[in-house]
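What follows is a group of structures, each given as structure tokens.
Each of the two complexes below includes subunit A, the first together with subunit B, the second together with subunit C.
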Partner chain A sequence: MSFLTRSQRETLTDVWLTGPATLALLIFIFLPIMIVTILSFSDYQFGARDLSWVGWENYITLFTSAIGQRAIVNTLIYVAIVIPFSVVFALLVAIGLHRMLDWAPALSRILRTVYFLPVAATLVAMAVAWQMLLHPNLGLVNKVLSTLGSAPQNWLSDRGLVLYTLAAIGIWQSVGYNMVLFLAGLSAIPEDIYEAAEVDGAGGAWARFWTVTWPMLGPTTLFVLVVTATNAFRVFETVATLTRGGPAFASETLVYALYREGFVYFKAGYASAITVIFFAILLTLTLAQMRLVERRVHYR
Partner chain B sequence: MNAIPTLELGDVTRRFGEQTVLDSISLAIPPGSFTSLLGASGCGKSTTLRIMAGLDRPTAGAVRLEGQEVSALTAHERNIAMVFQSYALYPHLTVAQNIALPLTMKSLSAFGRLPLLGTLIPGTAAARKEIQTKVSAAAEMLGLSHLLDRKPGTLSGGQKQRVALGRALVRDPVLFLLDEPLSNLDARLRVQMRAELVALHRRTGKPFVYVTHDQAEAMAMSDQVIVMIKGSIAQAGTPRELYERPTSLAVAEFVGTHAINLITPQQGAGEILSSAARAILGVRPEHVVPAPHGSFIAKLRSVEYLGSEIVLTLCTEQGVELKSIAPGTFEPPLQGDSVRLSFDPTCTHLFHPETGARIGAPECRS
Partner chain C sequence: MISRSVSTLLLLAGATLILLPFLWMLSLSLKPQDEIFASTIALFPSRLEWGNYVKAFTETNIPLFLWNGFVVVAGILFFQLLFSIPCAFALAQRNFRLRTVVFGLVLAALLVPFHVTAIPIFLGLAAVNLLDSYAALILPFIPTAFGIFLFRQFFAQMPTELFDAARVDGLSETAVVWRIAFPLALPAATAFAIFSVTAHWNDLFWPLIATTSPEIATPPRGILYFRDQESGDDVGPLMAGAVIITAPLVLAFLFAQRKFLQGLAAGGLKG
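Moving on, here comes the complex of A and B:
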């Protein structure tokens, strides 16, 4: 094969190595995104033989129609509840389990597994369990409430309550994952910095946290925030299995709207517009995450 | 004149589970002294220091600070400064903030420490000003003034070491504890920092406790050296006492730039020195010199020329290896030739063959 120069052969090798992955990326990611973007400016229906261009109409509908606004606002509320609670709970649990490692290592490890179970389990299966727990008459939650003397609630069919119920399940589901991230961050803090803090007069639990733990966990926390936000924006399984966006669109979210418009009503044009908006949000978060991951390596 | 020691350990024992790491340690740190804790790795030096600091608690025994029992006090309440082997700087704070931290913890309230809100609390501005003055003074003393805005991650080892010292200095503590502070530095910087530490000790006038496994460092810097071996104190004394009257074989082996020559009775210690017939004879290489009328003969094995001195490795008639140090001007004979050696009998040490304890021997006054 002497008719190829060395550099030509090297180029060929590079193409061989990167080619398949690049091709797959183009076919399975970029191409669909392009198609979806194009479709979002049309009124295409699945199965239809023709389509007409409608300009920005799909986007205008999403942002101005009552249901479209509902989906956006609900998603934002959901994200705004899940992020802070999930992060704070995960941090508290992680600190507790990390300290417990000193005096009850076995129990600490068992509890860590327990907290991680919701992450490992299939959410659809877990949703069934939640449905039983939250059942208005037979559910354990209402039983406990009534023995405590509180009024039972329609957790999944009360319009004012359903979104918060879903958010609580979202928190329950993400705490375990965030806790594992925080535990890793905590064990990376050198013990002697805590000792230095103790000598310097920052030995109390409160001062320790604010002088050492919180700043040293800074990079981990940013990472956890982005991951939690990404997952919260994607909320779908619990909505689909427990409420179907109801009652009266009270638990409608972006991804569920996308699913319904696209796969129930076959409004591909409109669903594509939702997809593009959703994709833009995730892309922003992912870019933020990549920059943070680069920065978390060292303090400068 | 017997002033109350700044710090005293009375029969301190520390166990980790089954393992006894410190076995009934008693020592005293006199005011203004420079004390070294010298010992091999794992002998319990850091554990001793941490018990002094209050970062660890003794299983049994007393810790007294200026005569007061302080076992129940935290590290901060004891007002003891500690410099960690790994520096233990706060990576997210600048050099200035690192040095200032003990002061901000002391003189600012939790709210006063907040970045923006803090300025609203009365008295905060004045306190901050005072802290800044002290930090600048400490930084000046350590030559850190141009680095105050840098983060520790961007500093060299020597600079980090200085920041750690600065953090200890600003507080005006009653006692400084330093855990192998120079071990992460290169040889040259180590010698330089050694001199700086001694100067710093003079300037502060406060007692320093200095942990090291380098006997040369301990001998060069200290008023008092405490030799620790396997969790016990083998000997405590001035560098001169340690060198001239080691109380045990182990201490004699530890102290001194060149390892001491040891000759057992079976190897003919008695023939070299009649009083050593039933003891292990210890003679330091620097006290064995080639001399035309020397008292015994050994064969020359190898020669190490160091400029100012020459290290001769020799072999006695009984086949015992000996080291001798000759002045740099000495012209060594050929290898394999016999050399006559002499030594000053007053510079020898006798140790019990079984226990290793010192047996009364003439004191060395060279």
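Moving on, here comes the complex of A and C:
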């Protein structure tokens, strides 16, 4: 190697260290994005020998067909339910557990563990457990309801109910994660700010929350909102396990539609268009968050 | 005082709701057949029916699913570390012309969820005849922008003199990465490992797409094979299977909570 100059050897080292990872990123992430975008303008089917270009047809189908609209609307409804409930519950639990640390630290930690459990658990297995919990005849939920005198429900096969059931499971699954983020945010608020607020007359719990906690949690809340939103947009496991988008597409969501159209019906072109729209929504969300973070979190 | 008891009561009620599916799963997995189908409400079985677990372990493919899960998760983590650590080190501790370009690629890739790349990767794997194999389950996850980013941030905080000293001692750059930098980055590696293992052990989307043989099903894919086959009278063993599949990560979480919280909280940065 002595015939190489020092800078040539350094360059070789750089290529050796960064080349494999960069190449892998290009092959498995950036090239696929280009291909999926191109395919979305075609009628390509998996296994077919050729394809023809159909312009915006796949996108038009997604936005105008009844099933395509269902997937989009259902996903938005799901996200719109999961975000507020998950975030507000998580914030309340975090505040409760944070205050409990002062007088019952052991219990507070145990409860934190419990709330976080669904995050670490395998969602598909837990969905199977939910299926038994919500079983029309054998499920605990309906048994309890009929004991209380209410009518049992078909939680997963009632068209008007199924999306809300899935959203409830989504909330159940995500509260713990958001709680941990809020707990971190809460423990970062210095105690003397509360003391200063008290001197200024904000002594009650309510006043303390609105004058100190809520504003100080601003960046955390924003982060939690975006993480919850992006995760909710990706809902797939529970749909695939519990409803397969049914009954009658009542729980169809974007990622499930992507999966079914692409890998069950082999309509690669159409599934690519769904992919592009899904990606566009997530990108908009994330970039909007970045702008917001830059603009609003400068009080520090 | 009153507000304390009210909030404690509410927190306990919430925790019960969170625990409910876990308890119901455990309860059904230990109930004899007739009690599962009884119309009365009972959380605790009258006697513990371990036969459900025996059946899940001996008459189903669940041990195989666990093994597949282990192979896939370990394979992914190994190659992720192998690829991302040298790259992250170079991005943080070396000056080269394309550094900003490479780091820009990493940041951009952070924004891309895996679902977006699934169709082309499926086509590519089909073209090289790799579908329905361990390779199909492992390969697509080797490039990890999140891993590179996490390790780069970690390496960037380390003093350059540390590595210069090793270089003066005659260590090659590869040796500096693996013998000096990597051991120092173990806390970051642990957090990343927890994130990666949890994500891929629990993943259903890609195994559902990339594999068709039950022989290489990962745990979530496998439990669905089991559920779809049983016609309603194997609820006990099915629930035992769900417990068995959930147990490794839940137990790991209970024993290493701090590490889990760090690892999974860091994962929120990922797009």
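Keep in mind that, in the parts below, the second predicted complex is superposed on the first by the 270 of 300 C-alpha atoms of A that agree within 3 Å, B and C clash if a C-alpha of one lies under 4 Å from a C-alpha of the other, contacts with A are read in each partner's own complex, and residues count from 1 in each chain.
Here, contacts are C-beta pairs under 8 Å (C-beta built on N, C-alpha and C of every residue); 3 or more make two chains touch, one makes a residue touch a chain.
Everything numeric in this text was worked out from a predicted model, so none of it was measured.
Of the two partner chains placed around the shared chain by superposition, neither subunit B nor subunit C is touched by A:Ser187.
In the superposition on chain A, contact of A:Thr147 is made with subunit C only, not with subunit B. By the touch criterion stated above, A:Trp172 is placed in contact with subunit C alone, subunit B being left untouched.
Residue contacts after overlaying the shared chain place A:Gln69 against neither subunit B nor subunit C. In the superposition on chain A, A:Val255 makes contact with subunit C only, not with subunit B.
Once the two complexes are overlaid on the shared chain, A:Leu133 sits against subunit C while remaining clear of subunit B. Set side by side, subunit B and subunit C differ in how many residues of subunit A they touch, and the one touching more is C. Shared contact residues of subunit A with subunit B and subunit C: none. Note for the complex: subunit A touches subunit B at residues 190, 192-193, 195-203, 206-207, 211-212, 215-216, 218, 298-300. Those residues of subunit C that touch subunit A in the complex are listed here as 3-4, 7-8, 10-12, 14-15, 17-22, 24-25, 28, 36-37, 39-41, 83-84, 86-87, 89-91, 94, 96, 98, 102, 105-106, 108-109, 111-113, 115-124, 126, 139-140, 142-143, 145, 148, 173-174, 177, 198, 201-202, 204-205, 208-209, 219-220, 223-224, 227, 235, 238-239, 241-243, 245-246, 249-250, 252-254, 257, 260-261, 264-265, 268, 271. Across the complex, subunit A meets subunit C through its residues 10-11, 13-14, 16-18, 20-22, 24-33, 35-36, 39, 46, 89, 92-93, 96-97, 99-100, 103-104, 107, 111, 113-126, 128-130, 132-133, 138, 140, 143-144, 147, 172, 175-177, 180-181, 184, 205, 223, 227, 230, 234, 236-237, 240-241, 255, 258-259, 262-263, 268, 271-272, 275, 278-279, 282-283, 286.
Contact residues of subunit B toward subunit A in the complex are 50, 53, 55, 74-76, 80-82, 84, 86, 88-93, 101-102, 105-106, 110, 151, 153-154, 167, 171.
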